[in-house]
Amino acid sequence: MLNGGSSSGKSGIARCLQAILPDPWLVIGVDTLIRAMPVSSRRSVVGIEFASDGAVIVGAQFRALEAAWIEGVAAMAHAGARVIVDEVFLGGAASQQRWQQALGPLPVLWVGVRCESAVAAGREIARGDRVIGQAASQADMVHQGVVYDLQVDTTRTEALACARAVAARAQAAVV
Amino acid sequence: MLNGGSSSGKSGIARCLQAILPDPWLVIGVDTLIRAMPVSSRRSVVGIEFASDGAVIVGAQFRALEAAWIEGVAAMAHAGARVIVDEVFLGGAASQQRWQQALGPLPVLWVGVRCESAVAAGREIARGDRVIGQAASQADMVHQGVVYDLQVDTTRTEALACARAVAARAQAAVV
Amino acid sequence: MLNGGSSSGKSGIARCLQAILPDPWLVIGVDTLIRAMPVSSRRSVVGIEFASDGAVIVGAQFRALEAAWIEGVAAMAHAGARVIVDEVFLGGAASQQRWQQALGPLPVLWVGVRCESAVAAGREIARGDRVIGQAASQADMVHQGVVYDLQVDTTRTEALACARAVAARAQAAVV
Amino acid sequence: MLNGGSSSGKSGIARCLQAILPDPWLVIGVDTLIRAMPVSSRRSVVGIEFASDGAVIVGAQFRALEAAWIEGVAAMAHAGARVIVDEVFLGGAASQQRWQQALGPLPVLWVGVRCESAVAAGREIARGDRVIGQAASQADMVHQGVVYDLQVDTTRTEALACARAVAARAQAAVV
């Protein structure tokens, strides 16, 4: 479970994990969910709103679909799939609890993906396809009250090196 | 459940359904799964191979991940999400049975999306991002032995009109 | 030169032309220009605005860059490249004149790509990534006062068949 | 003119330049050209071949279209557009000469975008959509014999900081 703010580098770490781990792993994340939802315009999906300052306002409809989605991702893991979840815990500790409840006794490595707010904001500009402001507004918020097995920081460490740290820890946990 | 060959028009119908149905529906399909899988090169994903004539060769690793994936999508529906599945039953009747087993007693509308092979092959060229040959090779194969509640044909009917027929049937089924 | 409203099917015809013409042709269009421009947010590019009803408001900055862009595309053709331009003449006849001036004595086949407004609007919904309303608002507007060598209509004719008509006419013109 | 190997960070710098420069600048690059070319399959474009080790083999057809393309981009600049070219000089000094000839007396800031080969190779894995091996094979090759006004190195410097250095130098050059 990779949790971090927008433009913190989670997806890059996830793809590196897919490349270096010996078994095939699925990468599923909040972006997968958003792509699956109805689009009422180029910018807004049902029950979620991207304010112009980068804040994300989540409504009841999104929460309901997200809850079913979490159940589904947990069921994939229960059914034997190896899953890397690429997530943004907008609710901090409350988000973690939602996942813990769904995942139950499954072995999970909780990984915090950190990136200094100013650096993440710069990378958001460099990506060119993001609402400016999300990186800064989420950088700390998504980690509040969350308990991790491991934290990595992409500010000065490459995604591949972060992925190697996560893989080493995951394999140690299995043994 | 929308089943049809590549370039038969399933995804267009799915997006129209999202636009016209009163509640929010998720669209999840085999493309979502393929995007979640490790990419060993720009062209191949783990356990699946796209032959140059458009044939798709599915290996054991893909089958195993797909089985867990189907469990997960079924679990989303069990947890209350309304889901439009955008699928390609490469195994025909056997694929349908895999889904039936996972979905259990959930209400499902089985929809066959047909398109004349030559027309689908032309649309494949017009899309410009597909392996040429898939549309023709899948046009009939994916429907072999599959039992439907409704079939639509995009050869001469627009996606929106097909979606209206599906929505009407779905709402009749609920009542 | 393919001119037509949003969701009229120009890009599909352009890709089919690339597939069936014996020589390699470049496809360049207004989408290429928009992708090259600075993005001030996920939705707006410099000097162009997409109103919520699908209208496109073009400002002076966009016009200036577009003028230089047209010169550049014309220069590619002058330098020997075969170019399919995939365009939306928001200014109708005035847009055509801008291109005529830049292209000078170069041989051009002017092709109008028509699609009934209601059908284009339905395809816009099926695409799922367009601002709803553009197809309807542009369907007739972009053809006002424009003079064509050939017109095709995608309402009931597939992109590949339209492309074949265009290719036949282009080759007849060369001979 | 930004020249660097695949995954060296050129595109990120280009988008940051668009964000920080006071006037609107177009970003045009080899990716724009490749997207404009006919696709014979999902992987190969006319006259260019991506070997499985990341080498890029460029044929005569690609060279001819590229020459016309360079003329066109130069014409855009001559016509007044501010253009950031995001390029990969596969031919090193010979590529630079092709551009110099087309650009003539126009003011150009030649910028080399460097990235240590191993770091670029890691970022290539993290991107997930590139042919593995290009980053390493191009890291040094594209700079051979090329003369720069400025070089930046993304190995340990963020794209935004590199863009600021380029912008400062560009504005100094204007004065």
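The first chain written gets the first letter, and so on, giving A, B, C and D; residue counts start at 1 in each chain.
Operating definition for what follows: a residue touches a chain if its C-beta (ideal position, glycine included) is under 8 Å from a C-beta of that chain, and two chains touch if they have at least 3 such contacts.
Because the structure is a prediction, the values reported are computed rather than measured.
Participant: Looking at C-D, B-C or A-B, which one is a repeat of the A-D interface (more than half the contact pairs shared)?
Facilitator: Duplicate interface of A-D: B-C.
Participant: Among the chains, which one keeps its Cα centre farthest from the Cα centre of subunit D?
Facilitator: B
Participant: Are the two sides of the subunit B and subunit C contact the same residues or different ones, given that same means over half of the numbers occur on both copies?
Facilitator: Interface between subunit B and subunit C is built from largely the same residues.
Participant: Provide the C-alpha centroid distance between subunit A and subunit C, rounded to the nearest whole angstrom.
Facilitator: Averaging C-alpha atoms per chain gives centres 39 Å apart.
Participant: Find the geometric centre of each of subunit B and subunit C from their Cα atoms only, then give the gap between the two centres in Å, rounded to an integer.
Facilitator: Here the centre of subunit C sits 31 Å away from the centre of subunit B.
Participant: Take the average of all CA coordinates in subunit A, do the same for subunit B, and state the distance between these two points in whole angstrom.
Facilitator: 27
Participant: Hey, what residues on subunit D touch two or more of the other chains?
Facilitator: In subunit D, the residues touching two or more other chains are 18-19, 39, 128.
Participant: Contact residues on subunit A for subunit D in the complex?
Facilitator: Its residues touching subunit D are 11-13, 15-16, 18-19, 119, 122-123, 125-128, 156, 158-161.
Participant: Inside the complex, what are the residues of subunit A that reach subunit B?
Facilitator: 18-19, 24-28, 32-33, 35-39, 46-47, 61, 64-65, 67-69, 71-81
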